[in-house]
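Shared chain: chain A. Partners: chain B in the first complex, chain C in the second.
Moving on, here comes the complex of A and B:
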């Protein structure tokens, strides 16, 4: 009987998730291009091709790693601070909670186009105010590092809701009695934070870190629309390259091979993160 | 209860209709499925053309579906594979071989005569984009080419004749100098010219929609007598002086002549906000500039190199192969009608390929479109090869490297040629 209740979901899950994953693995060993009738097995050729120095896959992967390593800590720290603030008794708390979470539901294209205007070097509002303050206007999207910074900033603004809401829920789950008991025993707020909040939030921290790392590895829309992978491929990310290879260059086999490599990397990272948090 | 059952039945029927997209046709009408990739403002013009056709032809009903550029080719590829391709579709020059080589398209040589479509009715270069080994696979709808826009108000303010765009390198550089003005009113080359505090630029070359940077490079490459690849598309052909000069020209506009900003900024936006006086882009921008209320002119690209030439592309109407060929005649009738009535298409910001439209007084009365059309004799297309997208991306990166001074033009050109050779060797 329970299986019956699960069936509607399971059918969709198998058809639209499991089957494509398995089929993708099959495609990774073929020369499938969406149109040619005869699909041929090519062995490991696609995997060899994506790791050749001429392919932009490794560069894209490296760019993505830069984004993950620099971006995720920022997302988590800022998200955590916002969650702490939203958990305290400030005025208009409900409104602020909504404001911080709201961008999360904005469409990535609308959000990105807005930031394209905001960061434009000649007509953007940021440079307008920099000039007003007597500072030199900055050329945000011309340099690899500032372009990456813009992407991280935009992702933070956009995804903050996804980071701070779980933290907020975690904070609200910690019983107030613990803090009262600690205060009676003479603990300072800092000590209470260190010995009550952090340990009890560990599962939340793990959850947020894992989901953020996975999500960050799959960054795509905002990069495609804001920098287009530029300047000169310096912000080209791995999902963008997979997408281009599959749907712009019609090499579905190569694209599937890349997707599988990305999947294995994410699987490995997730296992490491679980181990790391369990040991502590 | 019966009520409920009936509404569920209706809902199911609607759902089935939505899923299969097959609303029943009115009796005696031939239904033609027509797929396009015109998601922009041009889509509205195409829609009104289709509506007009349906009004004039009681025996044919054309149903248009529009897909975004990204989805379009993939949907069409799968449609061909699964036998659900439309009767008529829009393709463009560089992607044709992908569909021609896989046998996805009808060969039209014998069919065209039946509806009176003749090669000599169309601009030859556009027609030839659909001919492979003597077989005709398409009828050209229109052409889009890089052209030259200038802001007449800024020309007048700089003491230039607002009705006289530059036509050659010397004029372009001189106009550019006079149109570039720093905060003290000085021009590049004047003593004390302050490049860091320029109020108005002659033009802009880096930033905005990336392919535009590619098209400006292609245009100077073609003007220098160069080519993107060899004729058989097996190797890059721009790794030479023509290629280096073609790229260095745009670099020099920034760093040597100082008439363009060294910052990444969208030239379209700069032109619409009167921050640059000259702009090179496709004819699809005409309506945007008109709607903005700009006082601007359009002209053929100035000749920067040895010969007139400009980057271009063409929209081609094709007939994907059908199991049931009974609709082919109706489909071709529609194709012929579309090109005959492509004055409406011109208004969308395109150059019609049909000569009768190009020669009509109504088309000549469109000042911007007819200025773009003057280039039809020397347009050049990108390589007809499905790997063109991948090659373009490599070249765009190389062009950005050079424009932002991260590489010399020589280095950027040689790196891009190497990357393209390896793509073409696959």
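Moving on, here comes the complex of A and C:
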């Protein structure tokens, strides 16, 4: 009887999840030729190849790290501020909620088209208002740092819901009595914030940080469609490089190796974050 | 909470942020409702005058290589079929994990859960090869079949089923129902909110999926919406036909937005516990 309930899920689980995971591990050590469908075991060759200087893998890792290190703190700070504001007694909460949740339903391609238009150097609305304010219009996508900034902003716009909502839930879970007791004892709001809010939010902060870092490492769509990895490969991220290697050049073994290196990096980072935030 | 901090300050800050957040969608909508030539005129007009639907009509009836109308239909039926199959398989499995006793139940469940934490790009290449060997490249089945096994769906629904009082099921069994009838008549109706939420998220996930359809679907007439949009700037001129491009972008979001509005509460509640956007 349990078998009948489980079977449909299990069949697809084994075929489309378990098998690919295992097979992917194996593929990283092979030279799979798509045309002849032949598999050739090559040991560590793929791993050596992707770390070599003429492969863009290290560069794309570095670009991704730049994006994560600069972007995730921005996502968390902005999300936290929004959560604080939404937690207080403000009017129009439903409208605000709708505004901040709307980006979630937009797909990455539509969003990228929108922001390419907005950041256009000649006819985009941002440069339009910049010139109106007397500031110089920017060639947003033509310079490495501004291109990175655009991607961070777009990702912030798109993913705010995923940051502020967990924080809001965490804030709402803190019992009012704690703050009341603190006020009676003469604590300032700053002290209440430091000794009540932050410690009680630690699990949420950990959760949000970990999930945002993991998600940020896997950024793809908006980079592919807004900057294309440019200018001059300065915004080329890991997933983009994996996509190119595996599905434009069909170096499937190398792409598999890259995916596994990325996975190990994420695993290590997650463990580090758990340790670090637990201790603070 | 921050009682002495002027609430006005916080509200103003929120207002500024909200305006920044709303501008992209509002401006894009405005562009889509203006004639193409007008979108490049100075000074900028926020409210389209003349207001026109020609961009939407143009994009839906176009003869060019990218047809958003076809993509919308593709995305719709892939999403609907995926949702039905995901909810059915997840519900059945979740019930087994929640209520049926069998050897290795916990181990199997934890194995399933653990795969939720594995980044999907590990499976890109092997799944591609698998789908290729099945002869399903450039076939919508590749999208549907690979999405059916939802570890998250099983995890999520199991919580729901576990919270339904066992007494209700036991009463039904005493009355002569077999397991499946209990599942069908008692448990499922009580779990409707959970089923609806899962359906919602699965729909959005399927509709908005970009990388996998990009890899697997090659022909124009099979493309789902995000992939079609990715090719849009090739078919429509960026500077001269921005109105059309924005219209297509909006068309792609209308169905998700409608679904979202219909179930806003469910989404807000669920995002607060999972919150991911790549």
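One rule holds in what follows: the second predicted complex is superposed on the first by the 263 of 280 C-alpha atoms of A that agree within 3 Å, B and C clash if a C-alpha of one lies under 4 Å from a C-alpha of the other, contacts with A are read in each partner's own complex, and residues count from 1 in each chain.
To be clear about the criterion, a residue touches a chain if its C-beta (ideal position, glycine included) is under 8 Å from a C-beta of that chain, and two chains touch if they have at least 3 such contacts.
This one's a predicted model, so the numbers in the text were calculated from it and none came from an experiment.
When both complexes are superposed on chain A, chain B and chain C end up clashing with one another. In the superposed model, A:264 makes contact with neither chain B nor chain C.
More residues of chain A lie in touch with C than with the remaining chain of the pair chain B and chain C. When both complexes are overlaid on chain A, the residue A:89 reaches chain C alone and has no touch with chain B. In the overlay built on the shared chain, the residue A:102 is in contact with chain C alone; chain B does not reach it. Within the superposed three-chain model, A:166 lies in touch with chain C and out of touch with chain B [touch as defined at top]. Of the two partner chains placed by superposition, only chain B is touched by A:141; chain C is not. By the touch criterion defined above, A:77 reaches neither chain B nor chain C. Contacts of A:247 after superposition on the shared chain: both chain B and chain C are touched. Residue contacts after overlaying the shared chain place A:218 against chain C, while chain B stays out of touching range. Of the two partner chains, both chain B and chain C are touched by A:123.
Superposed model on chain A: among 62-70, 98-106, 152-160 or 170-178, the stretch of chain C in collision with chain B is 62-70, the rest showing no clash.
Comparing the two interfaces of chain A, the one with chain B and the one with chain C have residues 34, 116, 122-123, 247 in common.
Of all residues in chain A, only 1-2, 4-6, 8-10, 12-13, 15-21, 23-24, 27, 32, 34, 78, 81-82, 84-90, 95-118, 122-123, 125, 128, 155, 157-163, 165-166, 168-169, 171, 179, 183, 188-189, 192-193, 197, 208, 211, 214-221, 224-225, 239, 242-243, 246-247, 252, 255-256, 259-260, 262-263, 266 touch chain C in the complex they form. Chain contact summary for the complex, chain C toward chain A: residues 1-5, 7, 10-11, 13-14, 17-18, 21-25, 27-28, 31, 39-40, 42, 44, 88-90, 92-93, 95-96, 100-102, 105, 108, 112, 115, 118-130, 132, 145-146, 148-149, 151, 154, 179-180, 183, 204, 207-208, 210-211, 214-215, 225-230, 232-233, 238-239, 242, 245-246, 248-250, 252-253, 256-257, 259-260, 264, 267-268, 271-278. Here chain B touches chain A in the complex through residues 70, 73-74, 77-78, 80-81, 98-99, 102, 104, 196, 206-207, 210, 261, 263-266, 269-270, 273, 275, 386-387, 389-390, 393, 396-398, 400-401, 404, 406, 418-419, 422-423, 426, going by the rule given at the top.
Contact residues of chain A toward chain B in the complex are 33-37, 49, 52, 54, 116, 120-123, 136, 139, 141-142, 228, 230-233, 244, 247-250.
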